[in-house]
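Right, one structure below, let's go through it.
Letters are used for the chains, namely A, B, C and D, taken in the order the chains are written, and counting of residues starts over at 1 for each.
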Amino acid sequence: MKLQHRLGGLENLGPVNFERRVFVQPWEERIFGIHVAMMGLRIWTWAELRMGAEAMNPFDYFKYRYYEKWLGGISGFLVEKGYFTQAELDERTALYLQQSEATLPAGGESTINDTIIEYLRTGDSPQRDIVAEPKFKAGDRVLVKDVPTIDHTRLPGHLRGKTGVVDVVYEGAFTYFVSTGPDGLGAPMPVYCVCFDPKDIWGSLAEDNGRFYADIFETYLEAAPAE
Amino acid sequence: MSNEMEHSHDGHDHGHHPEPETYSAARAKALESLLREKGVIAGDTIDKVIDFFEHDMGPFNGAKVVAKAWVDPQFKELLLTDLPTAIQKMGFPPGSDGAEGEHMKAVENTPEVHNLIICTLCSCYPWPLLGLPPYWFKDPTFRARAAREPRRVLSEFGLEIPDAVEVRVWDSSAQIRYFVLPQKPEGTEGMSEEELASLLTPEAMMGAASVQVPAAA
Amino acid sequence: MKLQHRLGGLENLGPVNFERRVFVQPWEERIFGIHVAMMGLRIWTWAELRMGAEAMNPFDYFKYRYYEKWLGGISGFLVEKGYFTQAELDERTALYLQQSEATLPAGGESTINDTIIEYLRTGDSPQRDIVAEPKFKAGDRVLVKDVPTIDHTRLPGHLRGKTGVVDVVYEGAFTYFVSTGPDGLGAPMPVYCVCFDPKDIWGSLAEDNGRFYADIFETYLEAAPAE
Amino acid sequence: MSNEMEHSHDGHDHGHHPEPETYSAARAKALESLLREKGVIAGDTIDKVIDFFEHDMGPFNGAKVVAKAWVDPQFKELLLTDLPTAIQKMGFPPGSDGAEGEHMKAVENTPEVHNLIICTLCSCYPWPLLGLPPYWFKDPTFRARAAREPRRVLSEFGLEIPDAVEVRVWDSSAQIRYFVLPQKPEGTEGMSEEELASLLTPEAMMGAASVQVPAAA
């Protein structure tokens, strides 16, 4: 298993750093901007960013700050896809280490910005105009499958093998950026909001008087056996 | 990709660059520099993106929505049942149903129910209304702990939820981006929408804090 | 979940340190000796040592060396049980930090050693002379339950929800040092050696041409549904 | 207990004692000192225990058992089917079915099958025959990885298992303590049991290494 796929409920962790800032270093805002540009220009999607983070050593995943992981993921991806070489990146990094005030090249056409801002304004809805025929309806008891996830999933690991009740059947059908192979995502399918009793997930380790809701793609669900 | 990632992390692990932030800043600048040089982005692309999140997409939008819902029961009903139509009425600049806001949903705090939004798999967040997620929301420790022990985590954040109040945790694992419609606090009678909006924080709109009212001057 | 309860198969870890020594520091042999003495004198059992390690932050668990965890666990346990106070332990530690050659007190009666050596020679079999009536027989397909483990378990997490075949029904019934509560151990019960196809555990992430065997207490098993 | 454990770990985390091994050595000595002072253990208890693992319980026993099984087919059959009776025939000092050896089981490597012993939950090990486990066996990374990718881990250890050979992993999760009866290597014809025993390592008897035969003198 990838620990990143089943963080929910992990025990014995320390306190949360209640840091309210979005960026804690100026360079983080720049790498975020690069990510948005890459999304807007269809260079990559959330799927690639997430897969990169999920492919990390789980202890590094906890150790590195959020945007440190983005920096590593984006660097690796752009080199792998041939936008520039590792040597170019290392040389350029060395340059700015020596001359932090060195100016940057002029850049491409400003019409590029229009594409990116248009992406931000329009988004990239995974909803597809096909006739969905949902297998389940609100109130149905469903069992979450233990699908054979490999690199990537959108099924929170703590729900695998657990039973919940369909709360909402979302209208339409929803695709995903990439196929997740035997995990099951890719083709448009119904998505459900499923409500779980935390005691059914974590037993006596759950808190009292709670509800846990998750949005779950249909491929991850089957009808729960009769009680 | 994971190898490149490790390679890159190795770069600042092995002490070639003693100060990690200095290294990361140079690396980020090198990325932007190369993307500009290759013509992939324009010279002002990153500035434009940052600017967009300062003016078009941010928690200032969510604050206005919540404030309106507090003073206009019909709008509140619409927000909870047909969010896209409600948001359209706000007159926001284009993009209020844009990136990471294509499918948003408001969940309402009441005297009986407290809602907390999390994303155990990554950091899904309703950009058009709340902007970008704060660090605590992205922290793997928060994501792991809040799923199972939301009351304890909220208590550590300074927010005590009475036992009798049900805590609902919403894990953003597919297309929906959730936010919380907090309870209108006491002591805000007669405040304008603008005054009410100024009370709202991203934390309050994720269920991680209550809405604070400054003591009357 | 405690990560320590489901280490098997964890992805993206680095290389194993193929260190063939049993002890890498002289003090480690002394703490091992103390552990054996505590076992022989029935001061504690493996269960307490294991529970302590399982109660650690999972990242510390990976970070600290084996006998560093024992040192912490034994120190905490003896203080908690009142053999000496934390202050006594800290003062004594400070003494030996300052004077590493300071002599140690004489100690109790040498007959104490007989008890400990007798324990080593006799052991502490969990087998109990009761008539076991095993629910399963060799060849039966069994499903591993997802029991509500709290502090301690002897069910490897990667087997939960998986189906295997009973290879051996061990003769007799086996207890455990402590009750593990809703997890299910404590009372004497049959134990089975169960054989799993690694593909049934890890899907395509499993290696080819392998078998995975685990010894599983009956409380963790139920009959597998018909295929 | 976990709090005490963390407290203790904190002790050498926070830099009061810059050299962790020095601190740990003093801590271990303090434990022994206090247990002696309180009369819980005798002055020579720890020495006696260490001595026991040097002379009574150790891999020298397992090596003799394996060597005998290599030269005596009847003994080998007995070892694989009725281990307690086989071990009784060895004439070991009392304790060969003692602590951590109350229920042992030998699994045989053949040209078709390679066995690897692991303990994913802790570090279960057949003390009477193999003594105490080496560090690699106790490493959480080994325990996690060997369960799912034994061939890859063994390859990293320098042991290549051909694809056609089935790899059986034995996870010691209840009372049984496993060990491996390795294949008798070529070039050992005519060796005495004593010579054969000298070839055996703990790694070979756990399935983590092959048995090496020194080049003829």
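Heads up, the rule we're going with is that a contact is a pair of C-beta atoms (placed from the backbone, for glycine too) under 8 Å apart; a residue touches a chain by one contact, two chains touch by 3 or more.
Note that this is a predicted model, so its numbers are computed, not measured.
Path length between chain B and chain D in the touching-chain graph (shortest route): 3. With each centre defined as the average position of its C-alpha atoms, the distance from chain B to chain C rounds to 43 Å. Chain A and chain B, compared by their mean Cα positions, are separated by 15 Å. Listed for chain A are residues 9-10, 12-14, 55-57, 62, 158, 205, each touching two or more other chains. Listed for chain B are residues 2, each touching two or more other chains. Taken pairwise by the contact criterion, the protein chains link up end to end in a single open path, with no chain closing the loop. In this structure, the chains touch in the following pairs: A-B, A-C, C-D. Residues 4-5, 7-10, 13-22, 24-34, 36-37, 39, 41, 43, 46, 48, 50-53, 55-57, 60-62, 64-69, 71-80, 83-84, 86, 88-90, 92-97, 100, 104-110, 112-113, 116-117, 119-127, 153-156, 158, 170, 174, 191, 193, 198, 201-202, 205-217 of chain C are the ones touching chain D in the complex.
Those residues of chain B that touch chain A in the shared complex are 1-9, 11, 17, 20-50, 52, 56-57, 94-95, 97-103, 120-123, 131-136, 138-153, 156-157, 163-176, 201-203.
Those residues of chain A whose C-beta lies close enough to touch chain C in the complex are 1-3, 6, 9-14, 55-59, 62, 146, 148, 150, 158, 160-161, 182, 203-205.
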